[in-house]
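What follows is a pair of complexes built around subunit A, which joins subunit B in one and subunit C in the other.
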Partner chain A sequence: MRAYVEFAKKAFQNNIAYRADYVAGVINAIVMIFVNICIWKAIYEDEQTVDGVQFKILITYVVISFLMQCIYAMDEYHIEYKVRSGAIGLDLLKPMSFSGYIFSYNIGILVFRVVMQLIPALIVSIVLFKMYPPFSLSMAIYFLISTILGYLVLYNLNFIVWISSFWFYWTFSLVTIKDAAVMILSGALLPLWFMPQALVDFINLTPFASIYYVPITIYLGQVPMEEIALVMAKQLIWALGLFIAGKLLWKTALKKLVVQGG
Partner chain B sequence: MPLIEVNNLVKDYKLNVRKKGLLGSIHSLLVPEYKMKRAVDNISFSINKGEMVGFIGPNGAGKSTTVKMLTGILVPTSGQISIGGLSPHRDRRKNAMRLGVVFGQRTQLWWDLPAIDTFELLRYIYKIPEKIYRQNMNLFNDLLEINEFMSQPVRQLSLGQRMRADIAAALLHNPEIIFFDEPTIGLDVIAKEKVREFIRYINREKGTTMLFTTHDMQDIEKTCRRMIIIDEGTTIYDGTVEHIKESYGTSRTLVADFPEVIHSIDIPGVEVIEEKGRKKWLRFQKDEVQVSNLIYELTQKYGIIDLTVQEPEIEGIIREIYQGGIKIDESLCRVC
Partner chain C sequence: MGKKPLFNIFELFVLLLKYAKLSLKSILEYKFDRTFITIAIVCREMISVVVMFLILVRFVHIKGWEYNEMFFLYSFLFLSYSIFVLFFAGMRDFAEMIYSGEFDRVLTRPLGLMYQIIASKIDLSAGLGHGIVGVILFTKTAFSVGIDWNIKNIVYYIVILISGAVIQASIFLFASCFSFWTVKTDNLRNMIFFNARRFSGYPISFYPGIIQKLLMFVIPFAFVNYFPAQFYLNKAEINSFWNGFLYLSPAVGAIMFVLVYMFWRQGVRHYSSTGTSR
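Take a look at the complex of A and B:
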């Protein structure tokens, strides 16, 4: 167990080493929020509501979504690089769980992003964009739990895409497609309220809504108290389901592993 | 019971056959064709605790594939491997606890961080008790002098330093078995000697079982008694280094410097293989021609200013085996 804590620490250390990248990350998050708010402002013009949605609620939605994207970012090509360079062989020679290692590595990145990027971006957002606070204290707590579950759903989905590099070696296209699907279907860019009912029905059959839409609507107090347990259970089931699928894929990948070079 | 037992090991690779040209590559994209290649073909051997075994063979002979299967990172197509009763790929993590692996061509050290950070990390990965960790670090510093560069980022180390750190890292958890994959590649003569000396010391003091794959015959001669030669996926020799020398190194070369240029030498069983001015290289079989008689005869006939007798180097013998000049007798396999 101690080893995995150390992996996370090393990932944190590695990230901190690149100072320019860090500053750029914070600025990028703020600029992205700003640009999106401008777009929505143009859509709303002088209207108070569009489709019955208040402008300020939408602003809050956008800010929360981008702050979440900022901490949900993971190292998408870590496994691919290891597979292609053959460095994975060295990892497999260690008495450790490879998926455990990858997870703790990403947790290290997550902690780095929460501490070093989320906090400054959050302060700037509160001052600059005047978003709503969480609907209530209990909703704030549910929001935190739901965000963690959302992270786990996204992580396990990503893991499946990363592991596919054992077959494809290059996963750039796959990662891009996955990113696009997540951005659109999870409500990260456009709240699901504005989407046609047929599409929303489809999205409800996929894990995507669990990633962004569920935590944000909990934050906004749009999920009734009695439904909270249900939506979170759904998140948990998706996280577990994808985790099991990833595990099975990893087992198959290990069997077909051909270490490159050396 | 031997520590490592390998029985009828086979590994097939599926290779993607790509056709030539633009049309060919489109064809390959739409209708991929595969070809099976047998990299390891029915290899069996066993190794006892504390043995040092050299694994040699030309490039692409199947050495690395065999070693990868032994470490559990490649799954055999068929056949059994048992390392102290465990199957390497099925019990990968348990097996990894008892293994140490050194790759001459890649490093297991964290590239951007000081070497000491990797050592600290390994301590947790292998759950090494504090006392053993200290002991080993002191030992490695005494023998490999690693402390002088431990706090530098690994990317700034010279190859010799990096190799020493890598070897120390692989041995930190007192593994029972160590695999060395070309441990001295690219090192200078002194660094090579240092590494070999360290390896011998560890084998003697800790009774560690060691397997080498290398192209440097000096590595084998200076560390191992036993060697296994692999070619085209099969074992062609498994025995001592001396034995192969005795069996195939029967020719001798006499280099003689004569007082004047001699045009032809006619002694039965002696062949002139090279000449340069007054110097001649004469090859003969040691059991056909007695060297004392030959020298006597040459002195009588032509007079000799200077002479040396050369034994064939193990390297030369191996080269001939690879080129097919020497066919190894069936009976020579598994002599020990």
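Take a look at the complex of A and C:
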């Protein structure tokens, strides 16, 4: 366990070296929030209120979503780099679980992003954009749990994509296509309630809504108390399902690596 | 450098084709990968298009802009970016040339420096990726927003797209120039460029005055898509801007290029190699 904490620390320190990147990350998030708010303002000028969803709720949705995007960002090319450079051969010899290492590495990045990006961006957002606080204290706690579950769903989905580098070597394309799917289908950019019913029905069959939409709607108090256990159970099932799928793929990948002689 | 040119225009053109052939050859070495990357770029660029589409399905129009007009406006961004990375990718990646020492090699050849930089690189995947999105948006909208595509309009359209590409190339080359003084500006450039581009996806009239001014006079993306689109659409809101802006895109492109070119020449004079040439 100590080793994994060290991995996480290492990832945290590595990130500090790229100061310009994290300042850019904060500014990007704030610009994105601002652009989206301007667009929603323009829409609402036309139609006053739409669907009974208040403008302010939408602003809150946008802010929370982009803040979550800040911390949900992971190192998408770490495994690919390891596979291509052959460093993975050495890593596998070490007395550690490789997937455990990758996870703790990303947790290090997560902690870094919470401290260095989320907190500044959150403060700026609270000052600049008039967003709602969480619906209630209990919803705030459920929101935090749900966000962690959302992170795990995304992480396990990502892990499957990353592992594909054992077959493809370059995963830019797959990662980019996955990102596009996540961005649209998870409600990160547009709340699902604005989408056509057929699309929402489809999304409900996929893990995507568990990533952004569920935590944000909990924050907003749109999920009734009695349904919270259900939506979180769904998140947990997706996280576990994708985790198992990832494990199975990992086993196949290892065989593939052995065939190649590493 | 007032030397007599070594090559005439025709020879330069033939050489340009040879350069292009070489770039394409190295790109097409990995046909499958490149195709896949192009598809990925189309998907990535479609994110904002799909979101805009879903919003418009729901709300029909935003501030008087309807579906076709919005996407017509958006198509300028993709098409001009596509031209930019197909023809001026060398200007985009110029900083890279300095870090890798590749620029030393360019300096020793008996050819114009800017010519070599522009000729040396084609980003086919990004060019095609953005181009495909741009063409889809353009063909879906250009004939349903009430534009009479006569010769004058077609010619000006082409001029505008090239101007847009030159404006974007100038922004990139400007940022790259700082690497002559070993200042790394890639992060700052990407941040400024792509955020400005994000804003420009929607009409600038959606934004507060200060953002409009920024997009007109500092990072002039308004001349890449908003004013060109307004030239054709003539929506009433254009009255809040000076009418002359509609025709200024080519001038903005030309002026920016000349200024950046002068700055770049200063840089070349100051240049000392990183010593990393292979």
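Keep in mind that, in the parts below, the second predicted complex is superposed on the first by the 254 of 262 C-alpha atoms of A that agree within 3 Å, B and C clash if a C-alpha of one lies under 4 Å from a C-alpha of the other, contacts with A are read in each partner's own complex, and residues count from 1 in each chain.
The rule is simple: a contact is a pair of C-beta atoms (placed from the backbone, for glycine too) under 8 Å apart; a residue touches a chain by one contact, two chains touch by 3 or more.
Please read these numbers as outputs of a predicted model, since none were measured by experiment.
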Looking at the combined model built on subunit A, do subunit B and subunit C fit side by side or clash? fit
Once the structures are superposed on A, label A:S173 by its partner contacts, choosing first (subunit B), second (subunit C), both or neither. second
Does subunit B (first) or subunit C (second) touch A:A87, or do both, or does neither? first
Quick one: classify A:I43 as touching subunit B (first), subunit C (second), both or neither. second
Does the superposition put A:D21 against subunit B (first), subunit C (second), both, or neither? second
After superposition on the shared chain, which partner residues are touched by A:Q13: those of subunit B (first), subunit C (second), both, or neither? first
Between subunit C and subunit B, which one touches more residues of subunit A when both complexes sit on the common chain A? C
Which partner does A:L257 reach: the first (subunit B), the second (subunit C), both, or neither? first
Contacts of A:A3 with subunit B and subunit C, given as first, second, both or neither: first
What is the minimum C-alpha distance, in Å, between subunit B and subunit C after the two complexes are superposed on chain A? 6
Which subunit A residues come up in both lists, the one for subunit B and the one for subunit C? none
Show which residues of subunit A lie in contact with subunit C when the two form their complex. 20-21, 24, 27-28, 31-32, 35, 38-39, 41-43, 45-47, 50, 170, 172-174, 176-177, 179-180, 183-184, 189-190, 194-196
Which residues, counting only subunit A, touch subunit B once they are in their complex? 2-3, 6-7, 10, 13-14, 17, 86-87, 89-90, 92-97, 254-255, 257-259, 262
Subunit A-touching residues of subunit C, taken from the complex the two chains share: 33, 36-37, 39-41, 43-44, 46-47, 50-51, 54-55, 57-59, 61-64, 184, 187-188, 190-191, 194-195, 198-199, 202, 206-208, 211
Please give the residue numbers of subunit B that touch subunit A in the complex, ascending. 13, 64, 68, 71-75, 92-94, 96-97, 99, 101, 103, 105-106, 108, 110, 112-113, 117, 120-121, 124-127, 181
